[in-house]
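All chains are identified by letter, namely A, B, C and D, in their written order; residue positions are counted from 1 within each chain.
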Amino acid sequence: MGHTAVAAAAAQFYRRVRDATEALAAPLSAEDQTVQSMPDASPVKWHRAHTTWFFETFLLVPYLPGYRVFDPDFAYLFNSYYEAAGPRHPRPQRGLLTRPGVAEVTAYRAHVDAAMLRLLDGAAPAEPPAGLVALGLAHEEQHRELLLMDILSLFAANPLRPAYRTDLPDGPKAGGGGRRLSFDGGIRRIGHEGGGFAFDNEGPAHDVLVHPFRLHSRPVTCGAWKAFIADGGYTTPTLWLSDGWAAVQAQGWTAPGYWRRHDGAWHVMTLGGERPVEDDAPVTHVSLYEADAFARWAGARLPTEAEWETAAAGLPCTGNTVGSGRLRPAADPAPDGDRPLQMFGDVWEWTSGAYTRYPGFRPAAGAVGEYNGKFMANQFVLRGGCCVTPDGHVRATYRNFFYPHQRWMFSGVRLAEDA
Amino acid sequence: MGHTAVAAAAAQFYRRVRDATEALAAPLSAEDQTVQSMPDASPVKWHRAHTTWFFETFLLVPYLPGYRVFDPDFAYLFNSYYEAAGPRHPRPQRGLLTRPGVAEVTAYRAHVDAAMLRLLDGAAPAEPPAGLVALGLAHEEQHRELLLMDILSLFAANPLRPAYRTDLPDGPKAGGGGRRLSFDGGIRRIGHEGGGFAFDNEGPAHDVLVHPFRLHSRPVTCGAWKAFIADGGYTTPTLWLSDGWAAVQAQGWTAPGYWRRHDGAWHVMTLGGERPVEDDAPVTHVSLYEADAFARWAGARLPTEAEWETAAAGLPCTGNTVGSGRLRPAADPAPDGDRPLQMFGDVWEWTSGAYTRYPGFRPAAGAVGEYNGKFMANQFVLRGGCCVTPDGHVRATYRNFFYPHQRWMFSGVRLAEDA
Amino acid sequence: MGHTAVAAAAAQFYRRVRDATEALAAPLSAEDQTVQSMPDASPVKWHRAHTTWFFETFLLVPYLPGYRVFDPDFAYLFNSYYEAAGPRHPRPQRGLLTRPGVAEVTAYRAHVDAAMLRLLDGAAPAEPPAGLVALGLAHEEQHRELLLMDILSLFAANPLRPAYRTDLPDGPKAGGGGRRLSFDGGIRRIGHEGGGFAFDNEGPAHDVLVHPFRLHSRPVTCGAWKAFIADGGYTTPTLWLSDGWAAVQAQGWTAPGYWRRHDGAWHVMTLGGERPVEDDAPVTHVSLYEADAFARWAGARLPTEAEWETAAAGLPCTGNTVGSGRLRPAADPAPDGDRPLQMFGDVWEWTSGAYTRYPGFRPAAGAVGEYNGKFMANQFVLRGGCCVTPDGHVRATYRNFFYPHQRWMFSGVRLAEDA
Amino acid sequence: MGHTAVAAAAAQFYRRVRDATEALAAPLSAEDQTVQSMPDASPVKWHRAHTTWFFETFLLVPYLPGYRVFDPDFAYLFNSYYEAAGPRHPRPQRGLLTRPGVAEVTAYRAHVDAAMLRLLDGAAPAEPPAGLVALGLAHEEQHRELLLMDILSLFAANPLRPAYRTDLPDGPKAGGGGRRLSFDGGIRRIGHEGGGFAFDNEGPAHDVLVHPFRLHSRPVTCGAWKAFIADGGYTTPTLWLSDGWAAVQAQGWTAPGYWRRHDGAWHVMTLGGERPVEDDAPVTHVSLYEADAFARWAGARLPTEAEWETAAAGLPCTGNTVGSGRLRPAADPAPDGDRPLQMFGDVWEWTSGAYTRYPGFRPAAGAVGEYNGKFMANQFVLRGGCCVTPDGHVRATYRNFFYPHQRWMFSGVRLAEDA
């Protein structure tokens, strides 16, 4: 493509990403968009403004001559955690910001979008780094997923248990019960290399020595989890990591997040409101601690990052992501075979891998160097995307990460074993 | 008046009270009305709904035949603390309720208002207890004051420091520096008796023995408070109650609530936004601990409840209340004389009186018996109303009460001394 | 008596008080004396040293020429809360002080005792203020009671439930079930005046207006408390003050402090180890919240300070105090009559009186002015002494005070009613 | 050796290990041995009893016929964390156990020692598993190190800053400033295999792919750390992991643990009391967060576990361990060369390795299976032993582990780099 075509494509992608965020927020009232359900979550309005601030701060201010900042106070309000970008509003207090209102955030987005489209159209004498635009868009896609996680957290805290959408289609039946697939050991190359966008923490690509292992072809289901509960999973300390058992007792966990037992059956809060738990569907909203205890109970373990990535290599990066419209995990109707199913979409799969740097990793220069690197302690890597991940956002090398006690994301489990 | 005239008057008063609440909420966006700034505060939307629930629960359901409850879930969402009225949404989580939205709360109010007006118009075969209607209206007036305190707390937590109103008139200059007024001792009758509405905790009227005392004719001013600060008031432990000093250190207090020093001067957050502190105006947003320490520093003490009520007896119950439109304390232009000034309005005045029962006190039967009685521990009584109290709401016997560490209300100090 | 005789009597009393403390500590090992069971309690060793520091700091250093301080570091370690006496070791960390050891504390006491006896023998040119010596001895007696409360708290936290003493005599049977006694209203004089020692907070004596009331002739028994438990006392929120109900839920209270149900019966931890609850004996280790809830359940209320003192006037200040050797409350074998029984000893009786200043109260000058005054917020007054109070230490005007949630002291309940 | 000789050797080793513990405890009073400085630490008395309980529970009860348990209550008091061995006294409350006293613990040790020596002498028909005896002794050696860490923590919390020993010899001067040593990449075998004792978490031995790296020949010194402080290390957020920066702010860290600045110089609390910081000596009492921030500031990083173990392979496992009598880190007088110095002893060196299972790891059957496995989350591995590690206790494969915020152990830093 020539320059103009490239610019047009970039603008088109920019619009698509930004419009998709607005579409997700559309069913939400001003009230819904303002409240923060817990310190880990953020208001929808804040997500919409923060992603906008990212473009303004890292692209428009440095690269678009004559750009007028929409509101100088927003640098303080909508910086998330970039120390290099200056002081910022404390995270647990994001929900206190009733002003600027939703309408003003919409205007902020429009203001920045117009400028960004000018920038992408070549209005700047020096072109902005292509990687930064891609990062800003990937960043917005991450927040689009967070937005749905956070609104689910908010609605689950409301005794009325409102539905984000009332028209969620049913999921299919599972095509089989799953199998254990065997993988050889050897030196494997993992991490991102070559073309296409990736986050800094996915590289550099490097060799690792993988030992022979087995991986289950499907994620653990809600039905299997009920058996774990029925077998005393949540009351047997020897199944748990020490910190996990402490969490069970401190939090009073007796089931996955958002599960409630009433009327003789387990129900789960979803983006479609509270529904009966579907036995066939992958279990979700489980912490690393629960995933680990379940695996121990099942005589298995969690996969390493390298095992997961090895097993995913070559598979198409598609699945039950947000575009399916289900907005919750679903069974896979494909029959059991010799390839793992549902590696992408449905649920982020906990690995046993503590989130840390790859050999040779160096953060990017400047504030965006804080993007992923400074979180490399105390968290675990999850792989594969989930039912609210934007289509096309995930890949085999993608390293998501959460603390082991967290479970408001769509996290699940796939079992592995030593060969 | 005949029955019809009485009914018409009751309806008129009902409308006036309810409309006044809506008028106060009118400048606030849906976002503003939804958020809870801290566990002690409540969302504006919640105040609007809870006061409505009070009429629905205690008047319409028991007394209006055929009344249709607006939404059965609201009994859970909008009960504040009435154990006898069933389980309820936890207070610290009131701010998580984005649904019902502001519009639905408006509809709820309209639904209940229509029914209440039917009830007040004699639609019920048995008339509801007059005291309950009056209680519901006094209750709504209390929440109207809370609504403004809470919105100030919310806006003060916003780095943008938005103004609730931008057209607040200036206050007058003080007519004098105040005097010490002497009062004789003797047996005095305090507490409410005779006609007119009063809360249960204001009675029964009873005799107390008051010792001779002196009371300052004006409340402590911001100027005096600056002198206290300058003299090391906040860094001298021997001025403080033991629990007060612990609070100073734990909270890092160095000045009254909402005070910030910048640009070489003290500023204070008000309902008109942040403004320079006015030396002449009564100080406000001080805790009991600060009031007590200031008094000790000044060689004085706080008045007892009986002293305050004795001194207020016979004075008109008017002053700088919400109707003045100032929405903050102001100096009194009246010259010094032999009667205390500003006893009503401006600031709630801390007494030394721990909030407890009057001799012979018995709570009302039923759920409304929880109105005031169960809070009779660990709080202190404040007297006289403040700049955001509804006009006509306060009286000499009125006993407001807060915890000694609290200061988001418009609390202030009037000094007393043993004679 | 002449000066010599007075000096001899003072020395004799000093020795008796100091020796009694050592006698109480004698059964305790170095380990027992060192540990702090909770922030509210102090180690026995600390009590022994702090009371010694009091004499050293307020008497020997200012009044005994040439006195050599035992160890200058002790001023920091053993100051309790006297801001005017300089910085001090944080209270919650008293239990971290393994050095100085018990033997060194014993040496400290001997060093100070020798000097105090010289001082009392007239070694100083200017005699020390008599009130200060008396205060030091009363202070030591208070700590002697605290020492036993604190060691009970420590032993109750030990799963072995060790006994402080194994030879506690049985208590008598109750001579009756108690009666309601009526008292007239009128102006009464309360507070300390005339000769004899009293703490600053007991004065000045002053007139109060008391309304006619009834008072129960005996404190509430354990048997009555079992009925309260059986009737759902701890699970009925409408019986409780709001803060009390919050405490019940936060602390998981289902019975008085140190009660445990096992082997089909209620047991209670005592200084004689764990024993079956005795139905006849006054209940103890109840918080103000529990006392208030019990009274409400019983259709009664707690007495005011003035009512209690009025009723106690003229009674001998004796009872089941530490000299009885029982070290726990016991029934009174006296038959019911027209005077209240057990007003002194057995259990400190909660009053409804928030602990505050008497009219005209002024703290003493200097550091000892912090003795009682700065605690005049958030606490309630208890009257009458208990089973571990030193004989002769208590009087009708004595005002003990604790926070409403505390219950490691020997606190109990006597019911009152409006006449 | 014949059976008798083996038995004699086992008994000799048993005696030596057990006696060494008693020798360490000997300078400590009953008071010192009883108190718990913080929840992470345990009382000395508890260490002495818990290690004894381990032999009683896992060896004497199952394997010595007719063994009489010393006190059945001790199973509850002195179980540390073995869920399979039944309920136990809560860890944060170990310091509340004044009974059993120190003398009784000594008797307990003697009772168990006598029985263990009978067992080791072949008194049992079936010999106990050799691994269990070795585990019990290694376990006791671990607690011997903890005992000194914990007593340092206790003495550091005492304003008197007492010395555990007053006769600590001075350390030598450093023989050089250290060099960067280069190591090749390739497949390396790590983990324990072959003869000799090792903990379960050191195996199984397995191949890993190591990338070329550099390792500094000496640990980071106190002098270098002063430069880090002077350069704003503790006030520059971009040097820190996100969780690390949060810890800096929450804890108010401005220097390593036990450092205090007074009289114009940095001092550090040691087992020999407070002393000036020695520039030449390895820095210690730093958290993982501080180690990581220092490395980032220095343009380096922490070594991986495999890098450390690769570099340590073949080196003698000796150094400044407890037998040197210094009880604090010291400089190494050896000149710089091409082998790393001080890999063993002085300070435990933080690695970047999150503590997790080795491929193929399976916990032992029974309660001792809880020994190490259940802690495999949220902690980081440290290597090499320290100045209070028992001589001969450490080896190249040894994996110690602590939480990243902890720093009461003798932890330090050795820098690594990508080649």
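One rule holds for everything that comes next: a contact is a pair of C-beta atoms (placed from the backbone, for glycine too) under 8 Å apart; a residue touches a chain by one contact, two chains touch by 3 or more.
Remember, it's a predicted structure, so these values are computed and weren't measured experimentally.
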If a chain touches subunit C and subunit D alike, it appears here: none
Shared interface numbering between subunit C and subunit B [over half = same, under half = different]: same
Identity of the chain that, by mean CA position, is farthest from subunit A: C
Distance between the centres, which are taken as Cα means, of subunit C and subunit B, whole angstrom: 38
Subunit A and subunit C, separation of their C-alpha mean positions in angstrom: 59
Subunit A residues counted as touching two or more neighbouring chains: none
Chain contact topology (line, ring, star, complete or other): ring
Pairs of chains found to touch, sorted by chain label: A-B, A-D, B-C, C-D
Contact set on subunit B toward subunit A in their complex: 29-35, 37, 45, 73, 76-77, 89, 93, 95-102, 154, 157-160, 162
Complex contact set, residues of subunit D against subunit A: 81, 83-84, 187, 206-209, 211, 237-238, 240-245, 288-289, 292, 301, 352, 354, 356-357, 359-360, 370, 374-378, 404, 418
